[in-house]
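Each chain carries a letter (A, B and C) given by its place in the written order, and its residues are counted from 1.
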Amino acid sequence: MTKTKRNILGAIAYSVPAFFALMIVAIVLYVMTTIVAGGWGSLTMDFLLGAPEEGMTKGGIFPAIFGTFLLVVIMSVVGVPVGTMTAIYLSEYASQRSVLARLIRFAVNTLAGVPAIVFGLFGLGFFIQFVGAGVDKALYDDGLLHWGQPNILWASLTMALLTLPVVIVAVEEAIKTVPRELREASLALGATKWQTIRKVVIPNSITGMLTGGILAVSRGAGEVAPILFTGAAYFLPHLPGGLSDQFMELGYHIYIMATQSPDVEATRGIQYATTLVLLLLTFALNFSAIFLRYRLRKRIIT
Amino acid sequence: MKRFIATLLLFTFTPSLFAADVITVKGSDTMVILAQRWAELYMKKNPNVTIQVTGGGSGTGISALINGTTDICNASRPMKPGEKQKLKHRFSSLGVEIKTAKDGIALYVHEKNPVKELTVQQIKDIYTGKITNWKQVGGSDARIILYSRENNSGTYVYFKENVLDDEDYAPSCQNMPGTAALVNAVSKDPNGIGYGGAAYAKGIRDVAVKADEGAPAMMPTAENVKSGQYPITRFLYMYVKSKPTGAMKEYIDWILSEEGQSIVTKVGYFPLR
Amino acid sequence: MQQSPDISNTLMKKRFRIGEFLAEKVITATAFLSFTFIVLIFVFVFRETLPLFSPPEPVATVEELGEQETYGDLVLTEAEQAAESKEKNKDHVDEGVTVENLAGDRWQPISGKPKYGLLPLIVGSLKVSLIAVLLAAPIGILAALFTAAFAPKWAKEALKPVIEILAGFPSVVIGFFALVVLATYVQDTFGLQYRLNAFVGGVAMSLAVIPLIFTISEDAISAVPKSLTEASLALGATRWQTALKVILPAATPGIFAAVLLGIGRAFGETMIVLMATGNAALTSADPFEPVRTMSATIGAEMAEVVFGETHYHILFLIGSILFLFTFTLNAVAEIFVRQRLMKKFRGD
């Protein structure tokens, strides 16, 4: 191979991957500019804080924002403790070769790969048709449905299950950054394992739990498929007042406004602005997670 | 900000605190906007009644009626024997049917499409795949692109049973999740055809429909739909478990009154008479 | 005197041990939840498909039930009466389903004779996934190679957050973008007959798959031991030769896993295909025709299906197939590829 030929090949081998990397940046910028340009004009205070009006052709999206908020709060209250405990088990208690640990790790990986729509089916089949209907039969026995129908509780639990691997991975990563010396020092001072975990490991991995929680919220706020038939509603005149109520949600609102609103062209602004709100929300969440993780990684080096 | 507080107050205090009667309405997405308008106006006039409206689809609404989770069910198609059987099993009543409005199913094409009228038979042949080129119905030489509603909608079922004579849609038919998506698709597709409730959008045009070759071509106007001369007309229904009484009776009577029926026109449907 | 601290110490330890024991058990039990739920997902998604294999309950005819009461003083014209009774007497009788029906090439679940052919749905899912991965794999892998092997530090620092942003795009946002912007653009560029089609869905889907393939490939490429790279450079190979002939082959199993997981993600993703593919149940190989995928079918039809009918169970059957398919892909990617990767580098 001549030197020039090699140089040309080298330039190609370098520039093609660089081009693709640049392409990703361009795609992201293009999608974002389109959505910002389309939605910025309609993004007013009244839009954020008002309810849909005139048969969803005017007004705001406050109920959808509120519903999304409630969804992720209930989801986190359930998901973050379970995820944290699983991560503590995996990194502190289980020996990596034990069958149980490998089983759980496999389960977490599988859970991460299950399609969102299958979670929706599971929520319908398990939470609504099995647990909910079972509760109705046991507590009410009047032949009517109270819990055996879509509501915010079942939607949140379904979403908690979907985001569980996100929490586990983030917390485990944080626990790994707690130096071994700290643990050993604690144990050497006579503290038991649980005391060490409680007083040394957990306080040092609070950031990780926060990151996990935030990432889970970001993921949960953006997923629509699991709530399609476990609780999201097209339109509600009232905010959800209890766990057995249905709710409106940002992502679902985008979907129905883009495909089922009475006048698709007239509501273009609402659609773009709703998309922008959801996008800004997930960005804010993701960036705070990135920031926290960055601080965490810095700790390992120093 | 004032708007916000008003919204919050509305949301927090309306449910059943001051209201003596709560009526829940659930069902057809086609009718959810209409039902919402009715409820809004009625509540404004009768502050002691709360009416909660949710969509979900005709099937969902009828299931809710059967399960006892709703007082009134909206449906853009009549109840099926199987559903009536379930209702009877539960409440030993077949339920009561109330016709609340009429809906003319329009056929839309792109505004530049030269085809101005179609017979019901031609529409059937187009949607079952027997006619595939606009040339065959007097248009330009281009393939017909079919748009339909999703197969869970009352409109899909109505169109299939009444226009297609229960034959299957051609497989190339694209199913859109809502009328809006369908209208939007046709407005961007010079060779597209779609069907649905009356829609006013840029880029599309209604086709006049003839019941048969000799019949006059009819546009889906209020007059033609009301008189039943437009061939593809259907009713929009409400179902309740038993003959309405009390607050519910007053509400339904109001819907059937002139005032209630005048709202029907505003959301793109047609009054009963 | 000397004995007492020892005794108290033992007492303390004993008390602590109960706490220890409880803490460990509670944490272990909670950790076990993940596994429990995987089993439950299996059981409950499959359980809802089981009634397919037993005959459904018979439904009474209109004559047996009698007339329904009406309310309101509307008098129908003759034509209206005829049309209405025609519609009311038509009921799709739930006759269950046969294997031949499921193997057919027509998906017409709402019909006098429902056709539950799964073939067009499977073809649809495969078509979109294939297009998505064919686009996303080269972009993701090469961008990962650039980041891990060539890029200066600032470019690396800049690219990572961009990928995270892309990964953070909710799928409904990508779907919306595809429906409103991308579809028109693609149609105008290629002069297509169908605005919404498998290709548009595939392109949009690739946006969701790129971050996944990028991240895992980048991990795999970074995990190639420094010693290999250094040896290659020391032998006089240039950086690009090292990247293409040493790093890339060494990272192949990881990249393979990335592509497998990418296929799995594309196969199961719902909102993008629901909004961007046109949802027509066609069985064709043409990438520019609309398709109806398995996930979109569940998403579109489940909300309004009558619970307990054959159609309802078929949708769960489709869910089971989706689950099994992605489960297998993940298992292959996890077990087979990871282990090979480990073995290769350990040299045993």
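Of note:
Here is the rule we use: a residue touches a chain if its C-beta (ideal position, glycine included) is under 8 Å from a C-beta of that chain, and two chains touch if they have at least 3 such contacts.
Note that the coordinates shown come from a computational prediction; the quantities given were computed from them, not determined experimentally.
Taking the CA centroid of chain C as reference, the farthest chain centroid is that of B.
Ranked by number of C-beta pairs in contact, the top chain pair is A-C. For the pair chain B and chain C, the distance between C-alpha centroids works out to 33 Å. Chain geometry summary: the mean Cα position of chain A and that of chain B are 36 Å apart. For the pair chain A and chain C, the distance between C-alpha centroids works out to 16 Å.
In chain A, the residues that reach two or more other chains under the touch definition are 255, 258-259.
Those residues of chain B in touch with two or more other chains are numbered 56, 176-177, 181. Counting partners per residue, chain C has 179, 274-275, 303, 307 as the residues that reach two or more other chains.
Per the touch definition, chain C reaches chain A in the complex via residues 16-17, 19-20, 23-24, 26-28, 30-35, 37-38, 40-41, 44-45, 47-48, 138-139, 142-143, 145-147, 150-151, 155, 158-159, 161-166, 168-177, 179-181, 207, 210, 214, 238-241, 243-244, 261, 264-265, 267-271, 274-275, 295, 298-299, 302-303, 307, 315-316, 319, 322-323, 326-327, 329-331, 334. If you check the complex, the residues on chain B that touch chain C are 56-60, 63, 77-85, 88, 94-100, 143, 145-146, 150-153, 156-158, 160-162, 166, 168-169, 171-177, 181, 185, 188-189, 191, 228, 233-235, 240, 243-244, 252, 256, 272-273.
Residue ranges on chain A touching chain B, taken from their complex, read 45-46, 49-51, 55-56, 62-63, 143-145, 149, 233-239, 241, 246, 255-256, 258-265.
Within the complex formed with chain C, the residues of chain A that make contact are 6, 9-10, 13-14, 16-18, 20-21, 23-25, 27-28, 31-32, 34-35, 81-82, 85-86, 88-90, 93-94, 100, 103-104, 106-122, 124-126, 129-130, 161, 164, 168, 192-195, 197, 218, 221-225, 228-229, 251-252, 254-255, 258-259, 268, 271, 275, 278-279, 282-283, 285-286, 290. Those residues of chain B lying in contact with chain A across their complex are 1, 3-4, 7, 10-12, 14-15, 29, 32-33, 36-37, 39, 52-56, 64, 67-69, 90, 176-181, 183-184, 187, 199-202, 267-268.
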